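So, here's a batch of structures to check.
Here chain A shows up in two complexes: once beside chain B, once beside chain C.
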Partner chain A sequence: MTTLSTDTPSDTSLSPAQLREKKDRRRAITLLTPGLLWMALFMVLPMIMVVYVSFWTQTTFTVESTLTTASWERFLSSSTYLGAIWTTLRIWAIVLIATIVVGYPVALFIGLFVRNKTLQTALLVACVIPFWTSFLIRVIAWRPMLGTEGAINAILMQLGIINEPLTFLLFSEFSVLVGMTQIYVVFMVGPITFMLGRIDPSVIEAARDLGASFGTIFRRIILPLSLPGVMVGAIFVSVMVLGEFATAASLSGRKVNLLGNIIVSQVGSLKWAFAAVAGVVLTIIITAVIALALRLVDLRKEM
Partner chain B sequence: MLTLNRVSRRYGETIALDGVDFVVPENTYMSLLGASGSGKTTLLRLIAGFEEPDQGEISINGARIDGQPSHLRDIGFVFQNFALFPHLTVFENVAFGLRHRVNAPVKNEKEIKERTDNALELVGLEGFGHRAVSAISGGQRQRVALARTLVTEPRIVLLDEPLGALDANLRSRMCDELKAIRERLKVSFLHVTGSETEALMMGDKVAVLADGKIVQTGAPDTLFAEPLNAASARHMNAWNIFDASLCAGPVGQGAIAVRFDQIDISATGQAPETRPHLKAKYLTGEFNGPTALSFFRAEDGTLLQIIDHLSQPRLPDLVEGESYDLHFAPDAVRQFHGAA
Partner chain C sequence: MESRILRPTLAIYSGIFLLFLYGPMIVLAILSFQSADGGPQFPIREWSTYWYQHLLGLAETSRVSQLPVGDSLIRSIILAFMTTVVSTILGVMSAEAFRTKFKGSGPAFYLIILGMMVPGVLVGLGMALLSNTLGISRAWFGTSFVLHVVYTYPFAFLVLLAIFNRFDRTVEEASMSLGVSPAQTFRRVTFPIIFPGVLSAMLFSFTLSYDEFSRTLFTAGRELTLPLAIYGTFSVEIYPNLFAFGVLTTLFSFTLLVIYGLLMKRFTSKASRFKGQEEG
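This part shows the complex of A and B:
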């Protein structure tokens, strides 16, 4: 009888549902394994190592594994290094705002006003064209642009707007900000365009039909709906700007010292423990910034 | 009163609307019936101001509205996909127009709350204000969309296939409610649909849009019983349209139409002498519950349909593939002049 077999399920054979579940779990593990291995070997382990090394004893040319807080004390009591943290945070904040100010209107145009999907994609690709050359060329190309005898000064002098070349344009914090904004703005444009493109056009028409002006629609509908895109873009830009050193190195004339530049110079002079301290500090800052960003917008809900 | 005067709209080579003349009187439920692609959504979008006509005038009570920005036109639009604001609650969706319109926005929070709650009550959603729009059902979203439009007291309400996204059960209930709500508010509704049953059931008046033109406007029963041309007869989905030369008997010439329920069947050669008749082959039948539909193929290939009501069966037993004589009363025929 069938009742007999259903009343006494044997322990050894699994039901089809259980088998399916087991299979799904095995597949999930298979898919995750390469990524997890990679992360463990090349991220988690080195991170632990960096924290560990930051407590090693540093002498002029060698580093020993005797634990000490000397490097930390030196870092946290030096105005140069605390100043570098401040500079890093300041440049990060300004670049972040600049990328939003420059990037949002571009994204608004591509994502909302261009309704042809092909053209949208073409315009987004156009934004990435600068990335077809190397990072260094993109940065160094600013020198003939911003220098005292560069293009901008030459044009302004020609037009008679200025009599002497503007010197703040290059080898200053200004040039670092310009360079970074240009390089990272595309990481802001992409996610915002994506979110704007997902807004149903009839939602905007509905708002107009209810009597709202474009300004109101932007403030009440478009901006809130695109905010997750701004947040994702902000995370991209933050992570990259906070760890930056190359733009500052080539455009600031050594006037701007970011945490990244400190790490580079300390590693260059074999001050491993000290570089590790800066690295840990930088990691803490980046983690805090991302945590803050995720706090502001619940991405899980919005995506 | 909304008036459209020779309104045309082209998209490149395609002519969506070709000189539409159309009037929606005050305090009327007007249905606009058209097949998909007939330009009925374009018509609504022109009235609402999402697009502008290439030619012609649109006016309300004699004042032109074409050329005006859509947010100043004071016309309600209920979207087929509801187009609710996904980040706002039900209450804030409905209150949006009151709060944020350019013309006379309501600043008083108490008044906003009162009017919004009244609108929600009108559509049967009292107590749903705090819900997220993603947390309510399709039928409820439809009601929110309606409440959101009605709360601003527009001069006319345009409904773009408002029932299309609902399941059949909900659709018939919503039909009754839409009519009742409109009668309470005394505002004109212009309801666009592709379904002739919906158009006939809802409308105090029905207009038929075909090939970019309004081909007929009238009361539902008149339109159903006396279509003026082949296009509007075809939209009623109740008329066989065929060439008079197929028939023996007094039927005139050109395209004629006979309603599905006014054709009788007899064996070949048995048709009464006094009635016009034609020969056709029985293809198949379709049982729909209270009615049964039989399909015939005339000699020139025209498909003919005959409806039989279960309570009053009048058809003989039919054999697939056999030919029969279809006959009808001479006064059942509608004769159309000009192109079919």
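This part shows the complex of A and C:
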């Protein structure tokens, strides 16, 4: 590093280590500035704008920058919108639990029981392949599956299990839950499999040699070691489900209104201030969920 | 031994799970071969490729209007390409910065990661409000583009961070101390090592942006991207032409994946040849 001495002639009092640290830091900041600036301008600023506009005055077709809490009062006194908060939280909780319950055994199988690396990779790839289909197409694919003339009903009728087609399958909360679980469960399987794959097999073997049953091994070794994976998966699933609206819009037949759907419909009718209020409420909920999850797991350490 | 029962049970369960993942797409693919007079459900009246012809504008006029895919497809590809270039460059720069420990690296890390966490509908709303206030007109190549980068840049960054974390800094230092200029060192030493990461970051950015919907919804303005065009057909009745489109777009994605695989394979075989030379 011959350039150091000519670069910073005034810093001769600093030791080489300090000089190097200073240079590294300056280099890091130079490299990071474009990215951080991009995030500040196009992510942080829009989010601040949402909070700001939620206090603007809503007229019939526009918003004016006169500050008021009218939109907030209307939101918090309306049973429809409070109901949307409740629906969002309920759907989130059910989908989160469903992805854990459905996904954990699969992760257990791939991560712990399949010891052949090639097969393990093949199974993980098989889980990821559906993501190469457009998200909206994957949502809409549930319609011919669940409809009254859909595949499930057709099969059940053929088998003689039911005589009339089941109508609760599509355009209901049920279809939204099934659709979301199918779309997001892989985000749970991935991190859990990763954590389970890192468990040293000799630890489990040692426990078995000492006479522990599988139940004990699972409770004392496997479950605790896989919990960070569950938490990372839970963060992924939570942020995606809480910000959802497309699945509910296309599979619920307008019966399920999440906060995301409220935002979309309010923007559609140019009620910007009102959409902003729903946006702030959604932000608060998501922040609370992520903050809670990050308390339980250090994301940067798990990467 | 419990695992004698447990292992097959879990294997069968995992099979059912894969069926759950693939089932809807399989049904959709089958129904895309429905005949012209058939609806978007069973039974298949007659196997045909009518809806594929319909999608490509080859079928005679029918009761169903054609999906507006042509222009929107081109827009989506251009947008995904722009997003890929910018987010990969930003990702390389930031991951390079994170190789040295520095004060404030924690908050900077989380600020970048936040981009993939924030729901699209929220930043989309914020960007729409911002452009309304500033009097900037919303367009897919402007307001949508910057949001796509906000979303894909963290993915590119994480992929490259994983690569950078694994590679030895002394290799570069050796090159520098032999008098090779920093630019040359990056081109001849650093870049070949991080190339697999760059390729993966590009694949991530492209596919995420190509399929991105919630960030585009409020910010694209009048000209629609492909996902928006598809979303527009949701409110009306759906026809098997949408299914045919789903099959074709999936095939397109697989083509991308194959290209990625071939590039990766070609590169790794080249890299191993180099290693052979060193040893020999």
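Everything that follows uses one rule, which is that the second predicted complex is superposed on the first by the 280 of 303 C-alpha atoms of A that agree within 3 Å, B and C clash if a C-alpha of one lies under 4 Å from a C-alpha of the other, contacts with A are read in each partner's own complex, and residues count from 1 in each chain.
By definition in this document, contacts are C-beta pairs under 8 Å (C-beta built on N, C-alpha and C of every residue); 3 or more make two chains touch, one makes a residue touch a chain.
On a predicted model such as this, the values are computed, not experimentally measured, just so you know.
After superposition onto chain A, partners chain B and chain C are found to sit side by side with no clash. Of the two partner chains placed by the overlay, only chain B lies in contact with A:205; chain C stays clear of it. In the superposed pair of complexes, A:154 makes contact with chain C only, with no contact to chain B. Look at A:213: by the touch rule set out above, it reaches both chain B and chain C.
Taking chain B and chain C in turn and counting the residues of chain A each one touches, the greater count comes from C. Applying the stated contact rule after C-alpha superposition, one finds that A:223 touches neither chain B nor chain C.
In the superposed model, A:166 lies in contact with neither chain B nor chain C.
Working from the superposition on chain A, the chain A vertex angle toward chain B and chain C, CA centres, sits at 90° in steps of 10. Once both complexes are placed on a shared chain A, the shortest Cα to Cα gap between chain B and chain C comes to 5 Å.
Chain A residues 213 lie at the interface with chain B in one structure and with chain C in the other. Residues 2-3, 6-7, 10-11, 13-14, 17-18, 20-25, 27-28, 31, 39-43, 90-91, 93-94, 96-98, 100, 102-103, 105-106, 108-109, 111-115, 117-123, 125-130, 132-133, 146-147, 149-150, 153, 157-158, 161-162, 207, 211, 213-214, 217-218, 226-227, 230-231, 234, 238, 242-243, 245-246, 249-250, 253-254, 256-257 of chain C are the ones touching chain A in the complex.
Considering their complex, residues 24-25, 27-32, 34-36, 38-50, 53, 102, 105-106, 108-110, 113, 123, 126-127, 130-138, 140-145, 147, 149-151, 154, 182, 185-186, 213-214, 235, 239-240, 242-246, 249-250, 260, 263-264, 267, 272, 275-276, 279, 282-283, 286, 290, 299-300, 303 of chain A touch chain C. Those residues of chain B that touch chain A in the shared complex are 48-50, 69-72, 74-77, 79, 81, 83-87, 96-97, 100-103, 105, 148-149, 152. Here chain A touches chain B in the complex through residues 200, 202-203, 205-213, 216, 220-221, 224-225, going by the rule given at the top.
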